[in-house]
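Heads up, the next two complexes both have chain A, just with different partners, chain B and then chain C.
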Partner chain A sequence: MHRIKAVVASPVAFSVLAGVVIGALFLVGTGADPVAAYEAVITGSLGADGIGSTLTTLTSVLGLALALAVPLRAGLINLGGDGQLVLGGMAAAVTGLYSPLPAPLTVVLSLLAGMAAGAGYAALAAVCENRFGVPLLVSSLLLSYPAASFASYLARYPLKEPGSSLPQTRQLPDGVALATFGSSTVTVGLLLVVVAAAAYWFTDRRTAFGYEMRMTGLNARFSAYAGVERKGLTLRLMAVSGALAGLVGAIGVLSFPYRFLDGSLTASGYTWTGLTAALLAAASPVGTVLASFFFAVLQVGGLSMERTTEVPRELTQVLQAIVIVFLAARLRFPQWWFNRRKEAV
Partner chain B sequence: MTPPPPADMREAAVELRGITKRFPGTLANDAVDLTVSRGEIHALMGENGAGKSTLMSVLYGMERPDAGTVHVDGREVTFSDPGDAMAAGLGMVHQSFKLFDSLTVAENVVYAAEPRRFGLVDRGAARRRVRELAEEHGLAVDPDALVGDLPVGLRQRVEILKLLHRGARTLILDEPTAVLTPAEADALFAVLKSLAAQGRTVILVTHKLREVLEGSDNVTVLRDGRVVARLVTAETSAADIAAAMTGRAVELDRVHASGTPGATVLDVTDLATDGVRGVQLAVRAGEIVGIAGVAGNGQSELVEALAGLRPVTAGRVALLGDDITHASATERRARGLAYVPEDRHAVGTAPAASVADNLAMGHHRTSLSSRGLLPPTAVRGHAQRLIERFGIKASSPEVPASSLSGGNLQKLLIGRELAHDAPLLLVEQPTRGVDIGAVQNIHDQLIAYRDAGHAVLLVSAELSEIRGLADRVLVMYEGRVTASYDKAEADERTLGLAMAGGPAPTEVRD
Partner chain C sequence: MFFDSDLLMSALRALTPILLAALGGAVCERAGVFNIGLEGMMLMGCFTAVATSWFTGSPWLGVLAAALASAAYSLILAVGAVTLRGDAVVLGIALNLLAVGLTSFLLRTVFGVQGTFDDPSLAGLPLVGGFSPLAYLAWASVGVAALMLSRHVWGLRLRGVGEAPDAAATLGVSPVKYQYAAVLVSGVLCGLAGAQLALGNVTLFSENMTAGRGWIAVVAVMLGRALPFGVLLAALLFGVAEAAGFRLQGLGLPQQATDAAPYVVTLGALFLTTARRRRRTPATSTTADPTPTGAVS
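What follows is the complex of A and B.
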């Protein structure tokens, strides 16, 4: 009984474990060797050949997970990550192509432009809620589509690379790119995202603003009662969220292939992986980093598993899905748990 | 102190034998025996944490006892969830009601036991059923009203109707009068007595002495998880029960001496907001002004408007001479207002957050932070100081606030707001659901705060509390202040009459 309680008390560990076990059953059911498959996932993602790819994936997944975790901490859900990501990428591409500044400064300016574009667009969703009463969930999601279409239009018509058959902009000028570590594909973008994670942790634990954000997430009426101004909080958190999504877009454009290619930023579905990671961690800063790493390992390791064993990479998606289902079930536990315990203490 | 259970000749409706329930670190129930006869109103008394709720959770199938047996109507039963308990004829009204605010009274009453026609819910039959039940038991309530629009007193009626609709033979009521005025409580007891006369059984979980003496047949008192007294109500007194509950002699219904009022702190002129019209009132430094009234007569709306949580539609509010009619909650707090709201769980705290975080609210932008930084050490130190100063029982500042008992959570809230040292304190229902020991402590804190030269506006449904603390008493009825009394004039009969909308013997002053 106590062991069951302890496991339920740590639903994240429980969900991940359940995912791994049920995934193993799937593998056994299809006649594959689960040990070999999981080994392929681990060596493929964390071994010498895979770690670079994992860290590159982590850059995007963690950046977007943070973008979604920031508002989620206050109980707000930003479903417009894709639109903010794409606008950020497009703003960075335009800045990179047309900035008259020297290359290093252009890189910085591109990153800032990407963040500003994402922030502004996410703030628009917040304004829709604050001023017009459109729920954030709806406004952020619906605003996402025109943003993606607009960027697509730019990449297909006015900014299209002449002579190319692809819907893409010209390549950024020489030197307008993020520095990489050695010969790998890992850019300093990873550092930027890690710094953002550290800043999120610091804000969450050590600042009055972070305190207000947490308390609003735990009980919005409580923070309103004490004078926390909800509309301002929504606006600021959404702007930060959009800035982070835009940063990921800018990092994507300033890395290989150094241009805006329509659809490439959103093709991998990192926004949804990021949302899942943020939900998995209940938006806690450290948890979001760990969950993002977990999903990056699954994504990269899944590809490698497909190459070296007979197992298709969809298995890793099955794993993700199982983890999500178990976590969604967790949402019902806490309230009930409090009620039972209250009088006992 | 502990006589054997009364050898009652009537059939036992509910019998708990040797119930023991252990939680990590606590023995919530220690070999508790409780026998309740059919047709009896039995009061189960004890302070918060004495084990009343745990015992009722065991009876109602929400907790499995570690030892002991439960008998209902003479048969041994094992309930694995409240559904089993309901099927056996038990029904419980929880202290926090379990109703759907967005559904009508009729829909709530028949929920999960709907009258059907052609497989669909028969709404007409549901409404008729509610009217019948309401008439039969004197529980008047409009079947078509939305539950969310009803005052707390009427929501309780909906809960009772729900149990009656499902044919409950034994009703368990957890702190049923915590939200009611004397008149409403009397009405409730009339209903309970008529139910008992029909052969239904009522178990009252409460720590209010007055109604236990007036409304119950027998009393079982728990302290620290054990039965410390079994009393026949007719042969006991409030002092005896209080002594059994606390283990010491306590002074009941103390009336505190008047304060010495100074300059006006809060001045309200012709205030109107939802459900409130033309309210005039003033609170001076060194004075407690009490607002009495039946729940739902505009008191909550008035206080919310004063606190900046509800827009003012007309009139003027001045704090220390400055117009704050349209100021935000934050501005009001900055100008010197602190507020203890009615609902500690939904508004006054974040139950899932730690005790330290809950104590920091409102101080997090002022005394605890500098340049936007809020060091965890400052939050923790602040929490430890308040825990010590206000005697909050928490094993550590890091435990979630939800782990505190009702009385301790209220001490946390009151301590946090008093620590602002604000010239004006708004307090709603400061001792609702709080045990006797803590009530005295909270009252002493409020009086000390007044004596330190602060103005206090107190809203309470407890007449004894208003009379004990307030220097002046205003009565609210249908959104207006209809009467005003000095401490000496405010006897229970006069207030009760004014609260019921009766003729006010004196005109409204100031």
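What follows is the complex of A and C.
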């Protein structure tokens, strides 16, 4: 009971509620019925037609949310998720196209290549901070743009599918793909991401590294005094973060349409959704999973909201950002609100 | 010839929006508010400028509305970071995300289009002597900001608030007032930057059209150490990189290579300046956080 009250009283509950209420005001402002719109969000994302799409979206959102949560747990913000994601996708595509190994091994190799590319690039951002003193926030973000340009260049020139009008690579060979569940679009990638979430939970709760990570996030000076080596920690956390982002890119390439299409990995803004989810959960492992699910529902439900009420789905993006604004401003239900209720009971 | 007056002109044009936004960022930095919401404030300015110019037919009203709208938008940062003492980094990121969502949403509800709004009858800013009037305003702002910060009592108090808020408060200077003022100034300047981008550099609005310029402005503040003339030099570096990129594109280099150029140049410049600064002050700065970008509470 105490725990439930603590959750309700936390800024998280207030922020989500504020987002939903302000979203309703937007809906009323555009002349739509907010109840019908929110109903469409729920039925469209969790109903029989939408759940597959929600789980596919969840794969990307949760993967990137974990990628951003890992450094965030230690108080570091990786803003270069897009670049790491795209490089991971490109590395997976190149491996998938040119690996001489049999298809199942090629799939594993592609996933590993994607993770390695993302990890290496994110580590570069960490080196920028450790060696050159460029803040991680800035170095990771600035590195993201050249990475996207580089992958775009490869997909448009050297690796372009001959005769295609789209900036895309050739399709991966037969069998170089992640298995799907039944006839849905949900791939084994979802399992990989869930395993990653479980590994994050275990590391966070049960290992010394997880403890160092959390201590640094709570109080960087204290943990430095206690002997945590900050630079090494930054480097390792960023490598893990980049590996997860690269994994999401690889999963994207190894799912339909089984190739690297320029811009397709970043078009849905999963990196930012992931960052929002990680921030909302304060990077706690269980919270990150829940927040990712919430945002995946919003994102997919937004589409069916658009169909039923003709309100643009961009509204869900507005909602996400509003939640974070309220959260960052540390707004919560005022204490008297609870005291009054206690008196009434 | 590669470096000629044309290149300089196009560098100066590319520089204007960055310079305006970066000056706003510098004022905030001096007042002790870490503002990384420049990108979002600029984007709000872009949309407001285009929408107002479209509905009133006057680009000048567009500029005015952009400045006001971005200033109002910047209040979110002021209230969140100064009054409620929230995390400025997270607030800044949220402001950037909110601006992308809000402008895309409004683009579809107000104009009924997705992606880009572009109409031949949309009135842009006129050119005066080859430059937008806002470009002259930007250059003048550098001088004004330098003078205010170094000579005027407001500037001295603002810096005092940034360096030692408690001491300033003891002397009767309200840190809250000065920090609000700094954030509002950055809002106005970012609004002008957005107007310049959407009605000066081009005459259209497209989703996320700021494309990282607000972040470049954040970096320009670091490079220029929040000094107005330092910020001008940093922004000029970016302008030259962008203009040279366009030029190289004309010489057959792929667009992707030139697109990446400004970011790479900016990062390189950051390496050089921080490395030099470190050599000058050896070993003392190993424990202290170099910038206020550290922790999320």
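Rule of thumb we're sticking to: the second predicted complex is superposed on the first by the 319 of 345 C-alpha atoms of A that agree within 3 Å, B and C clash if a C-alpha of one lies under 4 Å from a C-alpha of the other, contacts with A are read in each partner's own complex, and residues count from 1 in each chain.
Heads up, the rule we're going with is that a residue touches a chain if its C-beta (ideal position, glycine included) is under 8 Å from a C-beta of that chain, and two chains touch if they have at least 3 such contacts.
Here the structure is a predicted model, which is why all the values come from computation and not from measurement.
Using the contact criterion defined above for the overlaid structures, shared-chain residue A:Ala48 touches neither chain B nor chain C, since it reaches no partner.
The partner that reaches more residues of chain A, of the two candidates chain B and chain C, is C. Looking at the shared chain after the overlay, A:Arg205 reaches chain B, while chain C stays out of its contact range. When the shared chain is aligned, chain B and chain C each come close enough to touch A:Ala224.
In the superposed model, A:Gln320 makes contact with chain C only, not with chain B.
Touch criterion met: A:Arg214 reaches chain B, while chain C stays clear of it.
Contacts of chain A with chain B, set against its contacts with chain C after fitting on chain A, overlap at residues 224. In the complex of the two chains, the chain C residues touching chain A come out as 36, 76, 79-80, 84-87, 89-91, 93-95, 97-98, 100-102, 104-105, 108-109, 212, 215, 218-219, 222, 254, 256-257, 259-260, 263-264, 266-267, 270-271, 274-275, 277-278, 287, 289-291, 293-296.
By the touch criterion stated above, chain B contacts chain A in their complex at residues 23, 25-26, 28, 48-49, 51-54, 57, 62-63, 307-309, 328-330, 332-333, 339, 341, 346-353, 357, 360-362, 364-365, 368-369, 372-376, 379, 400, 402-405.
The residues of chain A lying in touch with chain B in their complex are 205-212, 214-215, 218-219, 221-229, 334, 338, 340-345. Remark: chain A residues 26, 30, 72, 75, 77, 79, 128, 132-139, 141-143, 145-146, 149-150, 152-153, 156-157, 217, 220, 224, 269, 272, 275-276, 279, 282, 311-312, 314-315, 317-322, 324-325, 327-331 touch chain C in the complex.
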